[in-house]
Amino acid sequence: MAAETFEFTMPSLGADMDEGKLVEWLVKPGDQVAKGDIVAVVETAKAIMEVECFRAGVVQQIIVEPGTTVPVGAPLATLAAVGAPAEAPPVAEVLPAVPTEAMRPEHHAGPSGPLIRRLADQLGVDLTTVQGTGSGGAITRADVRRAAGERAPAAAAAAPPRATPPSPQRAARVANISPYARELAERLGVDLGTVQGTGRGGAIRVDDVRAAAVAPAPEAAAPERYERPATVEEPDAATRRAEAARLTTARLMARSKREIPHYYLRTTVDVTNALAWIRDRNRELPVAERILPAALFLRATAIAADQVPALNGFWEDDHFVPSPSVNLGVPVSLRGGGLITPAIADAAGLKLPELAVRMRDLATRAKTGRLRGSELTGATITVTNLGDLGVELVYGVIYPPQVALVGVGRIVERPWAVDGLLGIRSVATVTLSADHRASDGATGARLLDVLGRSLSQPQNL
Amino acid sequence: MSAKHRQELLRQMLRIRRFEERCAELYSATKIRGFLHLYVGEEAVATGVIGALRPDEPIVSTYREHGHALARGVPMDAVMAEMYGRSTGCSRGRGGSMHLFDADRHFYGGNAIVGGGLPLAVGLGLADAMRGSHRVTTCFFGDGAVAEGEFHESVNLATLWQLPVLFACENNHYAMGTALARSHAQTDLALRAASYGLPAWPVDGMDVLAVEDSAQRAVEIIRAGGGPVFLELRTYRFRAHSMYDPDRYRDKAEVEQWRQRDPVELLVTRMRSDGELDDGDLEALDREVAEELVRAVEAAEAGPLEPVEDLTRFVYSERS
Amino acid sequence: MTTIETTYREAMRAAIRDALIKDDRVFLMGEDVGRYGGCFAVSLGLLEEFGPERIRDTPLSESAFVGAGIGAALGGMRPIVEIMTVNFSMLALDQVVNNAATLLHMSGGQLNVPLVIRMTTGAGRQLAAQHSHSLEGWYAHIPGIRIVVPATLEDARGMLWTALLDPDPVLIFEPGALYPVKGELDESVREVDIDRAVVRRPGRDATVITYGATLGTSLAAAEELAGRGIEVEVIDLRTLRPLDDATLLDSVTRTHRAVVVDEGWRTGSISAEISARITEQAFFDLDAPVERVCSAEVPMPYPKHLEDAALPQQADIVAAVQRTIGDGR
Amino acid sequence: MTQDKARELMRAALRQVAPDADFDTLPASTSLRDDLELDSLDFENLVTQLSERSGHRIDEDDYPKLTTVGDCVDYLAGLEASRL
């Protein structure tokens, strides 16, 4: 009866050992091996170790040649058993209770690391079909990609074209909203588009939502933040909204005064020709598209901001961030008090008639609470016009994080010298409030100069 | 010292020896994972010292603890199952080779922190002392631990308060890869311990009869209220510090020289010359131990894993 | 109920004395607890009453006597180990982490460690960097031990006995700054719960979560804010492990704003853990990010003006609450 | 256009621009700019409403004639019946 043979396998020589390199055999086929004899030298990641054989036997066949790396448990040589049969069953036959990674035989494919396996999964490549070209037959990333490439070239074409990268400049900031504000907005049925944020970076907070709430739905058990003593009757929605708008503006203006070192410039502009020009234009335009005088100043500011970019943008993290487009902030006073400041995006590209229509539409929707959220943010420079209310001169407060604000007074009749002759002209006082961190007087003056000159040639407004 | 008793000592040492050899194989076959520190060569210390203790006298051990656990009577299949990480293990599979526990047998476990067990042993001794008991708490530790601050603090405190503690120092001449002379200015550890004011003397750790005799004398002193005793048991490990140690810091000649005084062979030769042991007896012993070992491995292989749902059990006590 | 005038120190001493009388397995062990009467005079007079066997002065060997405390607990005693201050506890960290906290789980449920360790914590008396640590947050990281911080006279009197009844190790951190605090204490207090946080001051607009020495500072901040119509709810954690999530979340879901005040350093601190739990479990109730007021991340400087600058102050807490209410910035 | 028709037209137009104004209680002398606080945009929208509802294009030259509520009603009444 032929002697029983058993395999001498690559031993585990440490907790974190997955594979070992056979360096040297200390025995050759035919040699007699006693239990515990040192039969080979193996190299692990940590050290070169002598390896013993736990069973007596005669070496039959060397399976793995020196210099080869094999996983733990891989057979290295076979021996013919010798000695008492009562010997405990050879280790190899004892079924591993827990199949460890190393023990599971891979087909002919070489060993592959976890990263390779994850890449294969991603590209849908069956590793066992891949021929490894790395050292010791290891599969490399290139092998996997090549296998994925050969398999389905069409797949690559079908992949959707990469979306054009977002413009390097910061896209107009979309309003953030605190989680509770969002939840309350849903509960109270408030359209977030109508809400102006007062939190950090324009974020919408719960007070802002409460302010915008038309009919305050019965809030959950939480007591109302503005809980009044029982004697005062509950203010109606409009008053409450005005109150919130007041608070919004109050906070913004307080921050502006606290943080922004304003400097102020003033000029007086002759708008007689411009007024005459729009009066003629209005005779042809439908009533709904009539150009209001205020539109003149918006158009002039847009042109000036376009030509003096240093005043068109944001002051953030202690440096000035110019804006690629001119978005005009237009403060609109709400009936019953309060102020809301929507923005006309890309105003520089709009001729006067078109800009006038946009302004009327925006202001009307602002008064009736039908603005979209995006229209409430992104203003790069603001124009405040108090001419309506008989104020001749207004030094405005800049809206953070913008760096400039143009103030327009009432159009009045004044004695005025034109080409040496004295006459009565329609004039308006235009001011600039600017952030001294971002610009100096000279830059501010240039903006007012461009603004004034563009008003004197209405035909190219 | 009856022949029957010597045969029992031999049986204990053989059990430990065969158990450790089998562990080495099972580790190579990835059945046992983590760290594994084998006791081959030091069997006389565990057998001799624990032989002198009563079953209810506490033992605090280290990470080279299989011999201590088996000598104290922790069932071999409970220890093997623990090495396999099965819930039938003596620590429910959670401790592994370095953390064997058996509360019923007052085996307060291995400790993977060198010197970490010393203060615990002092505490156990303190508890007994406060209740007027001179029950001996034995603390095993290596020569490496003698360099730890905790050794100094513990021996001083136990001696200061005259606590019933047996400090059993297994000096196997190496702290992992550092030879004794390269980690201690004073290598005579018994002499050094004596400076704390407690009885301390060296013992030939390869001769189980000498070990048992010394342990007996130490325990009598302690039980009589004489306070702690320090034994320096000079011994040697025939294998590397752990399965992961290339063991190149010891030259082969030194290992061979210590192998000449293999504690198992020493006792076998002594018993043969005294006519207390013939080949038949030895074979019978070997077979008996081999069968116990096969049963232990089969039990461990079949042992269930602890359900994952129990992961957080016993982080805190379960309120009854 | 009849109340007595007492100090935090005396309340803790009464608690220890009470425990020694009730259970003969209880004994006190630590540096200078006996003859010297305790570094902070907490154990004054106990040696004379209970003798050196149960009031044990130890050598300066934190690892050994804390380890011995663990061993004695394994051996059936109910030790109270006093580590003079949290600053020296690091010498015994191995015994606390690798033995006290771990033995029960590692032994598969066999070995209980019914041990109480007391130590002072916190800064505020110009003791400089090595004597001013506030590391209870470290210990609250470790599963297997309980961490409690008595901030009131009642807790100082009642927490110890509850801790001694617990089969698992309990670490009691006593803010050193509170020892001299005087006040009225219900004379009948013996045992208080150590699982729950407590609302020390109800409020509506924001929740301030704190413990230990900064409880007083937080209550003062709340008073100041009340003057501006902002009603702040102040919660005393009392236990850092386990954290009483229920009480915290009930409050934050009502006020929608949270400020955590912690004398530890902010990185990887208990305040970071609390903030994470609030964000994980009450995210949709938050109207502002959770704010944290912690010590400056510096070794505590010796001069008073720098120590004050480093420690959480009332003004810092007021500012943090303002930020959550939203001042537009 | 009859006075009543003119009043009805003015009420409808004003509700678009100043919903909070209760037309029936407004005396004829109510100034659009001062009392009702219509700004130039509100006024322009009112004129647009009146033009569209009456079918008559109201030119900027006539704006001075539309200072009070009464003015508007009289102005509207003066127009012949709507050509719509």
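In order of appearance the chains are A, B, C and D, and numbering begins at 1 in each one.
Everything below uses one rule, namely that a residue touches a chain if its C-beta (ideal position, glycine included) is under 8 Å from a C-beta of that chain, and two chains touch if they have at least 3 such contacts.
These numbers were taken from a predicted model, which means no experiment stands behind them.
J.: Measuring from CA centroids, which chain ends up nearest the centre of the complete protein set?
T.: Checking distances from each chain centre to the full centroid gives C.
J.: Please work out which of B-C and A-B is bridged by more C-beta pairs in contact, and write that pair.
T.: Higher C-beta contact count between the two pairs: B-C.
J.: So which chain is farthest from subunit D, going by the mean of the CA atoms in each chain?
T.: Computed centres place B farthest from subunit D.
J.: Please work out the Cα centroid separation of subunit B and subunit D, and write it as a whole number of Å.
T.: That pair's centroid distance is 107 Å.
J.: In whole angstrom, how far does the Cα centroid of subunit B sit from the Cα centroid of subunit C?
T.: Whole-Å distance between the two chain centres: 41.
J.: State, to the nearest whole Å, the distance from the C-alpha centre of subunit C to the C-alpha centre of subunit D.
T.: Here the centre of subunit D sits 75 Å away from the centre of subunit C.
J.: In whole angstrom, how far does the Cα centroid of subunit A sit from the Cα centroid of subunit B?
T.: One centre to the other, that is 62 Å.
J.: State which pairs of chains touch, listing all of them.
T.: Between chains, contact exists in these pairs: A-B, A-C, A-D, B-C.
J.: Quick one: which bits of subunit A touch subunit B in the complex? Just the residue numbers, please.
T.: 9, 11-15, 36, 46-49, 54, 72-73, 86, 88, 91-92, 94, 96-97, 100, 102-103
J.: Which of the residues in subunit B come into contact with subunit C in the complex?
T.: Going by the criterion above, the answer is residues 58, 60, 89-95, 99, 101-103, 108-109, 111-113, 116, 118-128, 130-131, 149-150, 152-154, 156-157, 160-161, 313-318.
J.: For subunit B, which residues count as touching subunit A in their complex?
T.: Checking each residue of subunit B against subunit A gives 21-22, 24-31, 33-35, 84, 243-244, 246, 248, 287, 290, 293-294, 297, 301.
J.: Would you tell me which residues of subunit C are touching subunit B in their complex?
T.: Within the complex, subunit C contacts subunit B at residues 27, 53-54, 56, 58-59, 61, 63-77, 94-95, 98-99, 103-112, 143-144, 146, 166-168.
J.: Which residues of subunit A touch subunit D in their complex?
T.: By the definition above, subunit A touches subunit D via 238, 279, 282-283, 287-288, 290, 292-294, 333, 335-336, 360, 363-364, 367, 387-389.
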